[in-house]
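In the part that follows, the structures are each spelled out as structure tokens.
Two complexes come next, and they have one chain in common, chain A, joined by chain B in the first and chain C in the second.
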Partner chain A sequence: MTETFYEVLRRQGITRRSFLKFCSLTATSLGLGTSAAPTIAHALENKPRTPVLWLHGLECTCCSESFIRSAHPLTKDVVLSMLSLDYDDTLMAAAGHQAEAILDEVKKKYKGNYIVAVEGNPPLNEDGMFCIQGGRPFVEKLRETCADAKAIISWGACASYGCVQAAKPNPTRATPVHKVITGKPIINVPGCPPIAEVMTGVVTYMLTFDRIPELDRQGRPKMFYGQRIHDKCYRRGHFDAGQFAEAWDDEGARKGYCLYKMGCKGPTTYNACSSMRWNGGVSWPVQSGHGCIGCSEDGFWDKGSFYDRVTSITPFGAESNADSIGQAAAGTVGAAIAAHAAVTALARARQSNAHGQPEKQGENQ
Partner chain B sequence: MSLAQPLPGAAIGVWAGDPSPELVAVFAAIADTRMRDLPICNRQLRVEAVGFQRTAAGHWAGAMVTPWAVNLLCLPGATGWPALAACAKHEWEFPSGCYEFTVADEASLGNYHLCSLFSPALEFDSHEAARLTALAAVRALFAEPLAEPAAPRASSRRAFLGLGR
Partner chain C sequence: MLSQQDMLEAERHGKQVRSIYVYEAPVRLWHWINALCMVVLAVTGYFIGKPLPTVPGEAAENFLLGYIRFAHFAAAYIFAVGLVGRVYWAFVGNHHARQIFKLPIFNGQWWSEVFFELRWYLFLEKTPKKYVGHNPMAQLMMFFFFTVLAIGMLFTGFALYSEGAGVGSWQDSLFGWVIPALGGSLQVHNVHRLGMWIMMTFAAIHIYAAIREDIMSRQSLISTMISGWRMFKD
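Up next is the complex of A and B:
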């Protein structure tokens, strides 16, 4: 009999009180409201736990770095211990043949019932020789491991879009996961790295509800990638009033004016940074005085300098809202279409991750 | 860390009448000066204040169409306006739900709150399309949401312990 998530926690010495707190905070960070906490608690107490295999292709490990620094209560104890019990070649204790044996074991024992989380991507040139693990190309390991998976999580810009190793001219032909693996549900969680609370939120949602979160057309969870950085930016009032920093350390920069003219990619970037922020809600790039570099958007390395002003915004291109509100609004002027666009925009605006900011850790130790 | 810095004793002006004419004048001036020729602007759009009306609390709310955004705006119309500095966040309750607004301070308008709906607003191919969408947004904002069956409250013991509220 497979043990439940809760049993694993208890075995790790987690108190029930801490467990319930974890459920409550997870519920709010997922935008479900605290009333969903009992549902999460019930699921974690009763469902057999879902094994997660965490693979690494061409990457810099910043996704792992972000994840293990999650300020979300218990994350390092809870979610992480769940993952490392199975397979993560950065974090697990096993090594060599013993480690690789875990992959086979999970694949057989939990056929069709485990999640593969991929950090990085496979290079396809020269038959995948640019990334060799355990004596064979990573792309083979990826294909084999994903074959019997229930779902796949693509961590970060690498797995989702390709990131720097896929930047022109992409000598190794680094390829995003969804272009190699087909026929499986794939959740893209872009960002370089993604926000820790977004990563734990996605994992916990899937482990708890046994389904993938609602995705947009680019395969990103809507709950975290539904709004532009620009929409929730605290400097937004300065943008609307046309107050811009025109040079680093000019009067506007000192007054905290909008960084659009200094190359901020906030207007074209979908991510939760401006509402959830980073490092446990302490700060985020714009708050530290630097524009958004758009790291969660497709091909962000190939869009010119981070300090170039956004000049070409293709409303229907990759940056377009995946809900295609814009497309509906752009078609013909019709009251019904306008109403649909308006209601969709309002629903998006209502989504607030403000409550999702993790509480201070000390309280939950 | 909170960005909100309360302003003790700060006097905030109150809009006795519909702020639309002033809003249009101010944002039209910004459009002609600071925002002029910025690629983020949609040249099809003009500045227009759409559907401004009193909220239940007596404040003013409506939609502002500018070449760079379609925003919901909230302006003080009565006493009880929260004293928050620019860049703070504030949640406003409307019949359709709760929305997080960002506090802004423009010299000629004073303290007001904004909630972004479309920005950049390049998806609109005519001003009429943006205006209609803004109008629909204001109507939906003040409309009751479609009735949903009320979910049973979480057990009160959880609430008592502060676990489920």
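Up next is the complex of A and C:
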């Protein structure tokens, strides 16, 4: 009835040699070691392909752009074949009623046995009218499609946290997937976009082992989001040494010093950029000389400047940061103490003038 | 603990011995170790958020921020262990050792004395009351700006430390939940830094009030935290 991944790959002209290379590369990138490669190969050779329905809500398609550039699990064609990507508005050939019919078909045929990958998020204001697909709100389509899914993958910062469309004041009430869909395993794969190999890695893991990867407190796969950018940054040595770029064109910037003072969010961002890098390992933001902006963190648009470390917080509506609030408080209290001390001294002096013996005041009570 | 009782006690003692043993040795020792830790933590913490100017030379030959962070973590551990020890002493020590951990909020008399102290600090009362331990206002301030704040700093601090210690470390197991609860690592950094400023502001008030009361209320405060004995000057 359904083909296995291997059959599809061979049909598409992928050699067995390339297939096995892919298996060992995937095993290594999942942190399983090369001994897991035969397991992956076996799974891909024998298991029927799990259909993946890829939905697009409010988003910019950067996740898809990233995904189709995945370098290590072979080429984009292979990745797409491997996935059995049965529905994807932006990539599929079908359109209109034909396309929408596939959703129903997969839902019936593979009930409880397909994966929904969500790129973007549903806006909830005005009954979801800010994102209409096929004549109805995206949130309805999302709920229906997820109802019979085995698991849900939230691609990117949009689906995981809300991203820019959920930034204050969030006029459309764009809401992350896990706050709309409950009762299903949801894997958050944040980033704007996530790294291509992270995306294919998550999918490959799920197809190979038939279970979702181990997740952390925020629902992210531990294998890719277990450490901060900072922990694996090749400029970390300069951080510990106390060597920083203090301007974009200074000596420190030329020497490749730590970008902490330029507002790098590496120490507060969980992602795999510093170990896996981007575009097939060519480079990544810090390597190109710009600090991390923390795109895989919850609400990163609302956390102040990308170029400060002690960033803005808005406790009373006014833009401020911990240091300016703290210094203002300390300054005010310092001045108050000085004034209080002065008044105390004055009152004491007046008392001693009046009575001659201020020491005896307490005794009379 | 109440002023009337304390005043009677103080006056009775004042006529005879003129001094009362208030702070036991562990409390005094903790106070000064804690004060030292706070100074180290505030200074190093400030420079972790806003590092010193770049040091010259090779990265391999320098470890400036590394040492600053080490000092911060070492002082933080001493601060944490000290606070745990202090909580223990609140159970086994004298009743003055419990003052900064629990407030008699259902006691009307206590509240009226809080307001009396407020009036005293606003120059609306001519003569101060004497207390063997903290005065009610001081106790209220100590509770919120030291005890509660210090626990908050411990939780946020260990949560931040867990990021380096890694997933599965005990710091992560015990305090890792603080990070998503406060909305992310950057928020926790900001809150922790704001906490430092509040703590330092309170420290300034604490020191000022101690010196002022030492002079104005005719009883010893600063030497009491060294010797343990509260001296009443008249």
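Just so it is clear, the second predicted complex is superposed on the first by the 303 of 365 C-alpha atoms of A that agree within 3 Å, B and C clash if a C-alpha of one lies under 4 Å from a C-alpha of the other, contacts with A are read in each partner's own complex, and residues count from 1 in each chain.
Simple rule for what comes next: a residue touches a chain if its C-beta (ideal position, glycine included) is under 8 Å from a C-beta of that chain, and two chains touch if they have at least 3 such contacts.
Worth saying up front: this structure is predicted, and the values here are computed from it rather than measured.
Looking at the shared chain after the overlay, A:283 reaches chain B, while chain C stays out of its contact range. After overlaying the two complexes on the shared chain, residue contacts for A:260 are found with chain B and with chain C alike. By the touch criterion defined above, A:341 reaches both chain B and chain C. In the superposed model, A:21 lies in contact with chain B only, and not with chain C. Legend: residue contacts after superposition of the two complexes on their common chain; A:350 is shown touching chain B, with no touch to chain C.
Once the two complexes are overlaid on the shared chain, A:294 sits against chain C while remaining clear of chain B.
With both structures placed on the common chain, the touch criterion links A:231 to chain B and to chain C. In the superposition on chain A, contact of A:95 is made with neither chain B nor chain C. With the contact threshold set out at the top, residues 228, 231, 237-244, 260, 267-268, 309-311, 313, 325-327, 329-330, 333, 341, 343 of chain A are in contact with chain B in one structure and with chain C in the other.
On the chain C side of its complex with chain A, the touching residues are 49-55, 58-66, 68-69, 121, 123, 126-128, 130, 163-164, 166-167, 176-177, 179-180, 183-187, 189-191, 193-194, 196-198, 200-201, 204-205, 208, 212, 216-218, 233-234. Contact residues on chain A toward chain C in their complex (touch as defined above): 216-218, 222, 226-228, 231, 237-244, 246, 252, 257, 260-261, 265, 267-270, 294, 297-299, 303, 309-311, 313, 321-323, 325-327, 329-330, 333-334, 337, 340-341, 343-344, 347-348, 359-365. Put simply, chain B touches chain A in their complex at residues 1, 3, 30, 33-35, 38-40, 66, 68-72, 86-89, 91, 96-100, 102-106, 114-120, 122-126, 128-130, 132-137, 139-141, 151, 153-155, 158, 163-165. Against chain B, in their complex, chain A makes its touches with residues 20-21, 23-24, 34-35, 37-38, 228, 230-244, 256, 260, 267-268, 275, 281-283, 287, 309-313, 315-316, 320, 325-327, 329-330, 333, 335, 338-339, 341-343, 345-346, 349-350, 352, 354.
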